[in-house]
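By letter and in written order, the chains are A, B, C and D; residue numbering begins at 1 in each of them.
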Amino acid sequence: MTKQIGRYAWAIAEGYIPPASTGTTRELISHETVCILNAGDEDARIEIMVYFADREPVGPYKFTCGARRTLHLRFNDFTDPAPVPKGTDFSSVITSSVPVIAQHTRLDTRQPALALMSTMAFPLD
Amino acid sequence: MTKQIGRYAWAIAEGYIPPASTGTTRELISHETVCILNAGDEDARIEIMVYFADREPVGPYKFTCGARRTLHLRFNDFTDPAPVPKGTDFSSVITSSVPVIAQHTRLDTRQPALALMSTMAFPLD
Amino acid sequence: MTKQIGRYAWAIAEGYIPPASTGTTRELISHETVCILNAGDEDARIEIMVYFADREPVGPYKFTCGARRTLHLRFNDFTDPAPVPKGTDFSSVITSSVPVIAQHTRLDTRQPALALMSTMAFPLD
Amino acid sequence: MTKQIGRYAWAIAEGYIPPASTGTTRELISHETVCILNAGDEDARIEIMVYFADREPVGPYKFTCGARRTLHLRFNDFTDPAPVPKGTDFSSVITSSVPVIAQHTRLDTRQPALALMSTMAFPLD
């Protein structure tokens, strides 16, 4: 169970941070998420590139997912090298120094009842 | 990160444009979407065929997704060779001149609280 | 685009027909769906087995998806050899005489705002 | 149809039990689920490890999915070796003694209209 499992690279073609929220807590503010599982015994150095419709990609955004840990990242929180704009179409590619699993989830509370969607990212290697 | 990644062909078995909306802005009108990521350095010529329950397929609908760009396409917006009817079951096959990633998303606001769903398209090659 | 694409067998581990609806039209009654795309030039003979938590599987349910057609099937509508009970956990396995694509979708209107979920079925061959 | 189908190991990178519910029945209390299909003729011994953001993984949680049966498991119900905390990010890895299919679903009723999401788990072998 502590073997390195998963893949070194993943893609998510969807990407959109809803620009409004009816929720006011961090949990219920609209957010776009990539969840990463590193089930192995070595820390994962994660790099994420963000692609847009009308300009050059931005990144890499850099993170560490510890050994035997999960990291649920919100694109809303990305700051370096630049925030990800709200209300804008994007895509992302996630690469890792060790095999991981990546899954994409959105919570949308623009209207007064939350909506959810989720799908595994697409493995690239 | 700028290598050609993904596949040349994808299928989406679900397809349905909800025929009504409680939202009035473009963002909150019910829509059926295919999101495409072209992470490579060459433009992607995209062709989409749409399949129906009771008549011959329609298409190809033609698009270009630039190098290092994403293209979030709404079936609602398709016009040439013919609009995709609302409230009608369909499926689609996406082919590309270079490898891309494709993901399917629906936003449904027929009732006064939006619903979302998303899944990677199925890679065919 | 008219080649036989996809797989001969698919599995959906989730299965549940919500036992109530706030919607009253066929479109807005809670339903559990498998969408099939047959992009090839030969009709697909489809067989679906339904698995339960506490009794033997039921089926096969038999359908035909024409050449170059899509078939969006509701488990709610299954009758032969037996209806699929509402409010009951199940799973399904879809087999086809020719390669097809299968995708799982649920629309749930038990509470007064619809919810949606969708995922590609899992290819078995 | 009674052959052993599927895989021996699956991963779900997302994991979160919503800490509140507007629904009051078991069906409408917010829940995080993994659905397992064992279409084969031999019982499946299932083990699930749960991974967290900031501490060592917990498990294995042990279950049996009978031959030709489905098992829809709620992380909410896990007790041994320890409950899965609500409102906390986690991931999971599912292993089985025989091939099975695994799918991830969440029902969220924190706001007064349920939300759903679902995706196939990621096959590891």
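Here, a residue touches a chain if its C-beta (ideal position, glycine included) is under 8 Å from a C-beta of that chain, and two chains touch if they have at least 3 such contacts.
All values derive from a computational prediction rather than experimental measurement.
Q: Enter the angle, 0 to 180° in steps of 5, of the rotation superposing CA atoms of chain A on those of chain B.
A: Answer in degrees: 90, to the nearest 5.
Q: Does the chain C and chain D pair touch with the same residues on each side or with different residues, judged by whether over half of the numbers are shared?
A: Both copies touch with mostly different residues.
Q: Is the number of contacting C-beta pairs greater for B-D or for A-D?
A: A-D
Q: Need the CA-centroid distance for the pair chain A / chain D, whole Å please.
A: One centre to the other, that is 21 Å.
Q: When the C-alpha atoms of chain B and chain D are each averaged to a single point, how far apart are the two points in Å?
A: Inter-chain centre distance comes to 30 Å.
Q: List, in ascending order, every residue of chain D touching at least 2 other chains.
A: If we look for residues of chain D contacting two or more partner chains, we find 112-113, 115-120.
Q: What residues of chain D sit close enough to touch chain B in their complex?
A: These residues of chain D touch chain B: 113, 115, 117, 119.
Q: Would you mind writing out the residues of chain B in touch with chain A in their complex?
A: Going by the criterion above, the answer is residues 1, 5-6, 22-23, 27-28, 33, 35-37, 39, 68-72, 100-103, 105, 107, 109, 112-120, 123.
Q: Touching residues of chain B toward chain C in the complex: what are they?
A: Listed in rising order, the residues of chain B that touch chain C are 9, 11-16, 19, 47, 49, 51-54, 56-57, 59-60, 87, 89-91, 93, 95, 104, 106, 108, 110-113, 115-122, 124.
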